[in-house]
Amino acid sequence: MQYRETKIRVRFNEVDQWGMVWHGHYISYFEIGRIDLARGFGLTPTDFVKMGYTAPVVELKCNYKEPARNDEELIIRTTLEKPTKAALTFKYQIVRKGDKKLLVEGETTQVLLDKKGELVLIIPEEIKKKIDELLVYLDK
Amino acid sequence: MQYRETKIRVRFNEVDQWGMVWHGHYISYFEIGRIDLARGFGLTPTDFVKMGYTAPVVELKCNYKEPARNDEELIIRTTLEKPTKAALTFKYQIVRKGDKKLLVEGETTQVLLDKKGELVLIIPEEIKKKIDELLVYLDK
Amino acid sequence: MQYRETKIRVRFNEVDQWGMVWHGHYISYFEIGRIDLARGFGLTPTDFVKMGYTAPVVELKCNYKEPARNDEELIIRTTLEKPTKAALTFKYQIVRKGDKKLLVEGETTQVLLDKKGELVLIIPEEIKKKIDELLVYLDK
Amino acid sequence: MQYRETKIRVRFNEVDQWGMVWHGHYISYFEIGRIDLARGFGLTPTDFVKMGYTAPVVELKCNYKEPARNDEELIIRTTLEKPTKAALTFKYQIVRKGDKKLLVEGETTQVLLDKKGELVLIIPEEIKKKIDELLVYLDK
């Protein structure tokens, strides 16, 4: 399996006066997918803090193709890129559950900060192991 | 002056598909008014933490009379009730800036918790002094 | 069954800097429960618009007992009061899925407005029938 | 003047459990800046609807350099790129009011849809005139 699928349903208060999901809410959907994927491998925000790190998002990209509507069921497809440096890049696709139509695509990049807030330049072994397990799960 | 006035403008992403501010966002407006009033007297959430407490909201009431619309300028009128026990009750009115029409009324009650999360039964002297100063400002 | 149960999981961006779900987000949880109950009976916001009405919330009450935390699974229990006038009052309990501990209780009251925005004084027969079916489902 | 400056203050409910503004809320800040710039030239979402169009965001990019904190005052600097096709690209900088430190940079691209939801391939004259006026204001 190349990505993790997470089901959500659009909330009434996420829809704007044009009847579409407001574009900023997809950032929240991405995070739901990312954490749902990370949970099984000890890579959630809470897990990072337990290991002595935070993992803030430093870059975000998002492309909107079709709007999601009120009460629609969506599938978030989340995958992790194989890291080439001390950063984690997750990629996302939001598809409509009914017809599997691709609505939104995006990616986020996170870095690691230590307890002093300093940038971590090499992924610590403890975290690298978890990432490798996650990549095996994703068949990468 | 019986209340503090704080100006805000309705954000596009706060309006629902019926063209009205979604009813939950007024809770955020109340908090903007409460913190704007509390800031001058050392009673913000950050101030409470510095003094060794948190002040969670334990009760909320809200009455909706007229909807606010996209991009409208609003005035939040915030006042603090004179405490009769170890709790802080703020009251709020949201009025339209243009015609001063009352749109929403509400109140929140907060208690104090100490560092162990235990309920504080008597308002500490340090906090009582700040509350008294705030009540003088409100001419109460 | 006296109430409808809806499962949700706390989102990372719903938790405040004190590590608790911010108190305003429970209004969104209530709405998720309300719409999940209403969906099967044709009483969602979209259904109201199709029938020529809107159903704005005019009153909200909320009592907070224990905070929900990041990533916790919660159950929203929603029920509808038997209407005594042209208004719909839903009641809610938010409980922690793990130990069924009651965290938050609340209620919302909605009225009906027609296409001109005028208050509807008697519940239309078409809507009354749906409400009666919902009450039967709730064994009321 | 090369950009419009809009002042905001971070809201308590925009800060995550790490004490930083949650990364998705900057999308809302961008929109505040965009609409504040567009308001004087008849290019707000409401104005587009009056002219028979909607202007959905189709692309979003965001780079995070430093976190904003609770209750901080920020300045949103917004500018519009000179259009080279039938699309509107706004660019944003979020700086801390106190020391003018750059915290976040981003851009959004919007297209125009007509009443049928069809993509508009040439910017209509009425809208082009408003854009030109806005570009003169920005000294572009």
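The chains carry the letters A, B, C and D, assigned in the order they are written, with residues numbered from 1 in each.
Definition applied: a contact is a pair of C-beta atoms (placed from the backbone, for glycine too) under 8 Å apart; a residue touches a chain by one contact, two chains touch by 3 or more.
Quick caveat, the model's predicted, so the values are computed rather than measured.
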>> When I count C-beta pairs in contact, which pair ends up with more: B-C or B-D?
In response: B-C
> Counting only C-alpha atoms to place each centre, which chain is farthest from chain A?
Replying inline: B
> If you average the CA atoms of chain A and of chain B, how far apart do the two points sit, in angstrom?
Replying inline: 34
>> Rounded to a whole Å, what is the gap between the Cα centroids of chain B and chain C?
In response: 24
>> Quick check: how many Å separate the C-alpha centres of chain B and chain D?
In response: 29
>> Among all residues of chain C, which ones touch two or more of the remaining chains?
In response: 12-13, 17-18, 24, 28, 31, 45, 70
> Inside the complex, what are the residues of chain A that reach chain D?
Replying inline: 17-18, 20, 23-25, 27-28, 31, 45, 49, 54, 56-65, 67
> Which chain C residues qualify as touching chain D in the complex?
Replying inline: 12-13, 15-19, 22, 24, 70
>> Taking the touch rule as given, give the residues of chain D at its contact with chain B in the complex, in rising order.
In response: 11-13, 28, 31-32, 35, 39, 44-46, 70-71
